[in-house]
Amino acid sequence: MTKKKKSTKPVKLEKWKSTSDKQVAPPPAPLPPDERIGYAIVGLGHLALEEVIPELMACKFSRLAALVSSDEEKMEKVALQYGVKPEACYTYDNYDDLKDNDDVKVIYIILPNDMHKEFTIRGAKAGKHILCEKPMANSAAECRQMIKACKKAGVKLMIAYRIQYQPHNLKLKELIKNEQFGKVKYVEAANGQSSANPEHWRHVGAQAGGGALPDIGIYCLNTTRFLLDAEPTEVFAYKYSTPGDPLFKDTEELISWQMKFKDGIIASCMAHYKVHEVKTLRVHAEHGWMFMDKAFAYAGQQLTTARAEGEMSIQENIGLAETKQFAVEMDHFSQCILNDKESDTPGEEGLQDHIIMEAIYKSAETGKPVKIKY
Amino acid sequence: MTKKKKSTKPVKLEKWKSTSDKQVAPPPAPLPPDERIGYAIVGLGHLALEEVIPELMACKFSRLAALVSSDEEKMEKVALQYGVKPEACYTYDNYDDLKDNDDVKVIYIILPNDMHKEFTIRGAKAGKHILCEKPMANSAAECRQMIKACKKAGVKLMIAYRIQYQPHNLKLKELIKNEQFGKVKYVEAANGQSSANPEHWRHVGAQAGGGALPDIGIYCLNTTRFLLDAEPTEVFAYKYSTPGDPLFKDTEELISWQMKFKDGIIASCMAHYKVHEVKTLRVHAEHGWMFMDKAFAYAGQQLTTARAEGEMSIQENIGLAETKQFAVEMDHFSQCILNDKESDTPGEEGLQDHIIMEAIYKSAETGKPVKIKY
Amino acid sequence: MTKKKKSTKPVKLEKWKSTSDKQVAPPPAPLPPDERIGYAIVGLGHLALEEVIPELMACKFSRLAALVSSDEEKMEKVALQYGVKPEACYTYDNYDDLKDNDDVKVIYIILPNDMHKEFTIRGAKAGKHILCEKPMANSAAECRQMIKACKKAGVKLMIAYRIQYQPHNLKLKELIKNEQFGKVKYVEAANGQSSANPEHWRHVGAQAGGGALPDIGIYCLNTTRFLLDAEPTEVFAYKYSTPGDPLFKDTEELISWQMKFKDGIIASCMAHYKVHEVKTLRVHAEHGWMFMDKAFAYAGQQLTTARAEGEMSIQENIGLAETKQFAVEMDHFSQCILNDKESDTPGEEGLQDHIIMEAIYKSAETGKPVKIKY
Amino acid sequence: MTKKKKSTKPVKLEKWKSTSDKQVAPPPAPLPPDERIGYAIVGLGHLALEEVIPELMACKFSRLAALVSSDEEKMEKVALQYGVKPEACYTYDNYDDLKDNDDVKVIYIILPNDMHKEFTIRGAKAGKHILCEKPMANSAAECRQMIKACKKAGVKLMIAYRIQYQPHNLKLKELIKNEQFGKVKYVEAANGQSSANPEHWRHVGAQAGGGALPDIGIYCLNTTRFLLDAEPTEVFAYKYSTPGDPLFKDTEELISWQMKFKDGIIASCMAHYKVHEVKTLRVHAEHGWMFMDKAFAYAGQQLTTARAEGEMSIQENIGLAETKQFAVEMDHFSQCILNDKESDTPGEEGLQDHIIMEAIYKSAETGKPVKIKY
């Protein structure tokens, strides 16, 4: 521990920028590689290969320690590319053997949604902390089982939300909390993209647990709850799937809903699987609005505020250094483990989203507003 | 007539700009002043004095011919400023005498909403064409009476919508009609501003006929109908007024609603009286979105489109010369009169908005979706 | 005079916007039409017909009183369109008869540059105040003669610069003067457009007195002087004309120059006749920069500032209501006449630009820096 | 080798995005860690610790193999943080011992400019390929010695320019080459920032070889040459240092220069050490302009083009996925080594910039334009 503390102290460099320019954070001070928390990555699809594993290479407190996949040929390739030894590669069958691999402290589950519950519970039983992709599962009931299993096993459970760790969203939350523009009055959130491939598990109801709502609509929901630090009391929703479109044979193409919060705040949200990409968030307050473009994207957030000053209207673009979102997320969990703390997005956070998503679906199906009791 | 036609031909000027720069329209060719259509302006509030009368000075087919106000002292000032003779100034009492003023062809009604019906009907009886501010009245029933009265009198009735004559909105309609980005899938529209003064007629239910909905929400509604060239079949709405706020003692502060259109298109709209100014419109289509900032403002429209090209995302800002919106609107009506045609926004257009607004209010009051029959 | 003062007091309207939204100026309070200053417009080309005369209709202190043109057929059309009587239409031959027209107080000269001197001197002799388009003339020597003639005749002489009366440029000047971002260190200014038609007088050296420099480069020069409130002490310039291009047979296509100001400030400027339209201005200061897009355009100015705050970079867009630039300019001169004051851009301002433009040309021709003595 | 080829083939994933959204590159396919090219990082200042080493962790063909520093305490910390063994840590004294370390293939020199020559020559003698930060040295003469030494030793020499490998700049070059907006006519480039700390080697002439010009002005110069694929034939420059400012006791605060290229193209450039950060580039062409904000920054490039279409002005923002610039640069060099090719920015590229910078300084010192012979 003494050595570790020493090693993580950032190197102090001489100053060279004046305060007239944006200041830069001190250089990173990663833990020595062998002291970093080892991760087993479960599932080698788009997200794992395009985002998570590459960013794991850039982590300061986390490192790649094992792979789990049902596609052994693919796993062999990936293992070679990232230097994972064959003995640290697991199939779904021998996944439980991770319990004997002390090099692995965290299991990061990046599987189709219907597999989250099983792999979380098996992973917890193997004595590993669990980082599970969102949506947490396919129902609130499954979420409760997962939370219970992790508690029982004495391991931590974190849901892989990114917004709670993303600088522009954190700055936005600060502006709201400080009532920089007075009280919040209304929220608009939209998350849309254009899907293809009806065979993909995202378009198979049994695997995905739904369509646009749990995959991308969850960002509108979760981010609004995070920013307002409040829970909705009622929802009303419409959903739609183009008749005959194979992409939406048993999941929704569009979900469009309103949520009531305290003090008359309404959040108007939409998630769409058949529009050009859009990921926007606008928070309307008494004396100004705050807009974020690419709010839920992996990169490219743009935060703008607007207010009036006499006869002038002022729009401010707030530039913040971007972070590698998945690296930050994993390092957050690693630090929670190093310091034995709860993460900012534990299983309970995932459960709450599922409770509300179930109300949203119920409203869309019954054509009536649905109240949410707490 | 021969002379008039000659006079309106634009002067032809020598070319000096290459096609590498934005082309400019030919110079205006106004009608000779005494051949322009004479307008009586009824009501001398903010809109009349800040926008309408100044822009009337810049019209090509229209001119200021008379004033009508209940505040004679104010009217005297305005008449002096704009060169209106005392004999062309009318009070509400002798308003009907306009029938004897041949210099006036159009009456432009810029009064509190509850006075629209009376002044339209009296104006029609005086044999004048009527240009009436939006919202057309305080109920669909009133609208029907106004339409009937104008038909009976053989005069034209135009509702003073601006969007249908505004270049950026017209361009947007063209993009939608041509399916430039495929089919429209979803619409978001927001119109918010920050009100003050509970004494103002806008905040007195009996005068305004409602709160944020008929005053500013109508833009979300009317523009969506205009752009989609379609009518909603169902609405669901929430409304809210902060308890104890004198501004909203008997009108709504917020109206937040969804409208269902054919082919699964949903329009999500909001109008708010207690947020910093926002006037945005986003039309989501299959292969791109189209966004307009300041969509409903008197000036400053910004039209942006987004699409993908391979690994690039392309955002296009489409710059168009701004027009004086009220001048264009009045000149449109004047040309309709000169050429004996119906305007693009006749009384029936205003009536249709009231039918839908009544459904929106009904939904907000009953807590249930309301279907609209045609 | 008593009546006039009464009439110009703005009407006071009840408040309805909260201070959370941009405040609006009080409604305009124009002088009664017959008390406004009468203008004779000399020259009926693009600028007069597309901008000046239409905006004159919207003036508060100015009105169209006469026309002067060598093209009688065109003048007849324009007179009819704007209600100018035949007896208020003058040719170049009987231009001097304006002295007998008491309805005309100001002559606004919008002619090819080489005619500015003659028409200014003749107009001054006719006892009229002179508003003359920029560039003031074809040489500093001509400017001096014009100033002398106006002084001798006891009439005012204003050069029709727009920047000094344009809200975004005035705001920028205020930011600079207040050292909002510390001291100014560097200025970049570019004014480019794409010309056509070699026959146009702008491309005939004898008429235009130069190419891109006096027509559009003058904005970079004049605006920099205005903003810095300082005069350059040395210039260095390159110029270029594409060999064989008939547009540039005897005038320059490009002028690219640097100007030295006090305290080491350099202004780097360019004017180009063969690029897509660009009208940008960036003022670099110690703690921030200020950028204006469309800085010199007739409309559409966008003012943005940038600064740092700790780890944030902040860009502010400052929205200001646009004005009709030519109307403001004419009303400024009219008010100067009504109140017997000097305008903000008198003949001396035009002369100074010519002195510096002559140094710029000298540098381009000799290939050496040229110092400017004061 | 067979195994390597197999391992670098990217994993093929099932399609899930439609072409209506931006396409994503296939997942990275890094070389197995022990097959990647080993780098020795020489110098552990801001650039090395804040940018280079963190990005080296994310490389696909490169890895950290050794450290070289004169500050052994700092080096020990860094070695621990990044898992470099003590035996792979070198001081300036035993730097030449790298010749015996087969794990190191490339030496990346990130030292004060005056040390580039010595460490390049010593490194080449040690048989290692050299990646040297820009500016290449303190004079063209030094550059020639470095090139000669590397040739003699049979090792590759690459200068660490980033622009040539940065997607937005590459796209811009493509637009120019294809004459998307016709021929280029003019270039504006500005690179400014706000320095502090007179003790920093950047502000010591003997170490930095100059002030704003070689440090940041070089980007304006090098990028313009890269984009135009042409060399300047003449330069004229002003330089300035605020009297008494200790930051600029023997180096320039500002350099402002124009460069003449073929066909009348002028590039107007500036580099400033005492303004708020600005890194802009505007290329003016016949039918449009191309603007890049943050053109030379480590991240955040924004590429915008403008053109006219009839009465519309169109501005296009071209969004491209950002890359880790230092990672791309190192991986480029590693691939050159793996495939025995010359890099896109060899020593000759660095030499050419020094030849031109010497002309710029000469012009600023003599007050005259300086021609550059080839």
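All chains are identified by letter, namely A, B, C and D, in their written order; residue positions are counted from 1 within each chain.
FYI, a residue touches a chain if its C-beta (ideal position, glycine included) is under 8 Å from a C-beta of that chain, and two chains touch if they have at least 3 such contacts.
Just so it is clear, the structure is predicted and the values come from calculations on it, not from any experiment.
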Winner on C-beta contact pairs when B-D is weighed against A-D: A-D
Chain whose average C-alpha position is farthest from chain B's own: D
Rounded Å distance, chain C centre to chain D centre (Cα mean): 44
Geometric centre distance via CA averages, chain D-chain B, whole Å: 55
Whole-Å gap separating chain A and chain D, where each centre is the average of the chain's CA atoms: 35
Touching two or more other chains - residue numbers and ranges from chain D: 19-22, 24, 194, 276-277, 286-288, 307-308, 313, 319, 321
Chain D contact footprint on chain C (complex, rising order): 181, 185-186, 188, 190, 192, 194, 236, 238, 240-242, 253-254, 256, 258, 260, 263-264, 266, 268, 270, 272, 274-278, 280, 282, 284-289, 306-308, 313, 367-369
Contact set on chain C toward chain A in their complex: 19-25, 171, 182, 286-288, 307-308, 310-321
Sites on chain C touched by chain B in the complex: 6-9, 11, 13-22, 24, 27-34, 44-46, 49-50, 54, 57-58, 74, 77-78, 80-83, 193-197, 199-200, 202, 276-277, 299-300, 319, 322
